[in-house]
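Letters A, B, C and D mark the chains as written, and numbering starts fresh at 1 in each.
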């Protein structure tokens, strides 16, 4: 049964220095509040895992939480670069950042393999690209034992901690997610420990079209975090704050402006931007 | 909403209109944000109403009224025929061979249509760290055909990619077959100056169409290899009044507060 | 776009002698009407594929449609044996039946691999059982290229024809299924040609909790077949006819009683039992 | 609904009550139809209200009021916390290691708890073609522990299986480890005569419990190998009035018209 914790308790308990941590949510339901709590807890040497690092990892990388990034597309969607990510890769600021780079299809297959307790996932991909050569530890060509055809194996991802945001949980800790469901289920099931932050805890999860439910006993902890996905969005609760994504380009441009934004909006505990 | 139709046609508008025309009706498109999404929606709102838009966030058959800024905006889910998990969209739908057309952009392209969206400079010590491959490597491999859209310059049309993120025709005309790629590869490359298509034999990109106001000289100057020009070079028909009106209305939804 | 056909037209067009055909539906939404139409069309030499052959394949095997059966559990659920299946295997009546036998997990992985255009699926299973030895053409041990761990590859299933039943389609041929969704999506996507029989064709598919939609362009043909899953059930339309499942044990016990049931209830065209 | 509680306890009822008692609360059970489903529901309705029932049709957390005749009855979906596709229930939930207890029946069992549910006689020319493995091979391998339920006779408790459909302890005490099976294997075998448990060293099934009215001699007679009997053989506590009432009410729902 999932424990109902405060966000602060949950991060303190679940995320340790040196952990591999996946905060997922494909554009939708990105767990910003949880990421900010990790910054406030000053966790270090994390291996951060996310298909699209997005602003949340730009912030965590700039704040010095990450030693390594496992990802597949590291831009600011519709806007441009992730400037803190680039500064870490191009200039080792604030510390060097090791990259493990995949395609979206590969990352999705790695998560699904992790959720399935398989050591690898299989796909047709990577062939002919330099991604294959760059990632020999986690991508390998294998032959079909029946047809001899070459396909690609990608190493399963089993993060130490998986964190997602969802719309709702009930008081028993059952979680309900609707709209774009991304890889939310896979992350919770693939990770050794898991946390779901939710917009609200309700008495009963009313069935909804397109909703999936993660049963309480498959979830580690649930923490209430209203607007916890802002500036991304929570379908049925609030829209994506496209303006903030555009402003981030300016905020994150210089180390100083970034630092002062983090100081005022994250470290002060004043809550999400 | 009223929109300007008298302003001159911008480079982005020209690219978008040409890309939209490349889509026939009932095409299933795998779409990224930015110009591709605008082009596919423009096609849907003009000559190809049954175009099916598939976004990598897992929305199938999205019919957005407002252009999405991100690949996973809520409206894409609300207006979709189906929303599926991300592992499924890549495994069952893209890899399953159900995508007719994939749209791709890139920072660099070479003469065989291979794309770089990963780094400028050395991978370990990059001059510019770009976002990376994302969905592109498998879209390039698996979509039945690929439409590439990028602005033409010596920095983008290069003799040699700094990194090969996605395969066009590889290093030789039959490389796709050798690599086991089911899709046909890039069939058209749309730039702000014209349109390039692969030579049926060598697969080298050839300038086949030029936009009004651009010259062959100018295109050659903006290409990092000795560019071949088709003997039957055509001039692009400028966007019609209807195309331009729909396009500008669409783009206005992107900037408008929701 | 899916063609809207009559059931008779659809079977005439899609199912040919010698085809591999999967009529799926995990207990729920078993396409009985389509199976009966195949019997009426006197299709022969079929390779029938289904996780649980159930009464529908007992009938098709007894009627002489099948040369081979690919399956994982061949009983009458909650009742006992499939007597026509047994008669074919034990006494070659009406003709010999070749078996390709898997586990449920293996069949599900084979369908998913087919839908994913992969030559094989991967699972932990079969090891230590005689199923592995009996099915060398379709099961093989492979090693993880990263960890060296042994896992099992199962050959993908790509039937010539996939047939499922669903609750509804709209007039464009988009299909809606809810309740237990089984492997309905996988079969439609894995097969070269596909048919969905539906309880009704409606103007609009109203979203429902737990429903999935197969878009028209991914479906070959749609045919209206009200009560087309009887004696199995269609969630929201009618319940499982448990009494018929129990009576089938008697009907199918002897070749004569079976034959006369088929004559009266299928071949006469009088419709489903 | 009124149900008989004074009729004598049947063999099925004894097996079901003993199996239900083997479940502690908050256990996640992977359940097949028949006695296992009855036992798991009985546990849920008596001492273990938070037992989670997972059916291989993809229903998670089903709370049926009526016993299902098949593994995929509509009520299992209606009362479930979640319904997932069949490939997912096997990959993410069973293989993912989230099942505490799997229930299995069989036509034959050997002294190391291996099961046959495939054929009696030769595979190619069987005397009796049984339904086959179904979900059992992977339940036997992946569930954290397995409860086996079958009636005891010389035909079912055999020296040598006609076909090994599912692995108990294989051919030797450490075979599960060698085969890479994460689950502990069969921890209890419940029959109409008594209960057998694997010896901690040799894994050979040992009679540890005997039902009221049965004798050790009778159990030995119905076992196709020289049966070991525990020095601390216990007698099964007969079903209590509450157990019997709930059980008979449950079974009545199976026969009642819906």
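Couple of notes before you dig in:
FYI, a residue touches a chain if its C-beta (ideal position, glycine included) is under 8 Å from a C-beta of that chain, and two chains touch if they have at least 3 such contacts.
As the structure is a computational prediction, the values presented were derived from the model and not from experiment.
Counted by C-beta pairs in contact, the busier of C-D and A-D is C-D. The chain with its Cα centroid farthest from the Cα centroid of chain B is D. Between chain A and chain B, the centres computed from C-alpha atoms are 28 Å apart. The mean-CA centres of chain B and chain D are about 57 angstrom from one another, to the nearest whole unit. Between chain A and chain D the centroid-to-centroid distance comes to 40 Å (mean Cα coordinates, whole Å). For chain A, residues touching at least two other chains, in rising order: 112, 116-118, 123-124, 149, 185-186, 210. Of all residues in chain D, those that touch two or more other chains are 91, 95. Looking at which chains touch one another, you get A-B, A-C, A-D, B-C, C-D. Across the complex, chain A meets chain C through its residues 116-124, 137-138, 140, 142, 144-147, 149, 151, 153, 155, 207-211. Touching chain C in their complex are the following residues of chain D: 33-34, 56-59, 68-74, 76-78, 83-87, 90-91, 94-95, 118, 123, 126-138, 141-142, 163-167, 170, 175, 179-181, 257-258. If you check the complex, the residues on chain C that touch chain B are 1, 112, 115-118, 174, 185-186, 189, 212-215, 217-218.
On the side of chain C, the complex with chain D involves touching residues 26-28, 51-52, 71-75, 77-79, 81-82, 85-86, 89-90, 101-105, 108-109, 111-112, 123-131, 134, 149-150, 179-183, 185-186, 210, 233, 235, 239-240, 242-243, 245.
Against chain C, the residues of chain B that register as touching in their complex are 26, 28, 52, 60-61, 81-82, 91-92, 95-98, 182.
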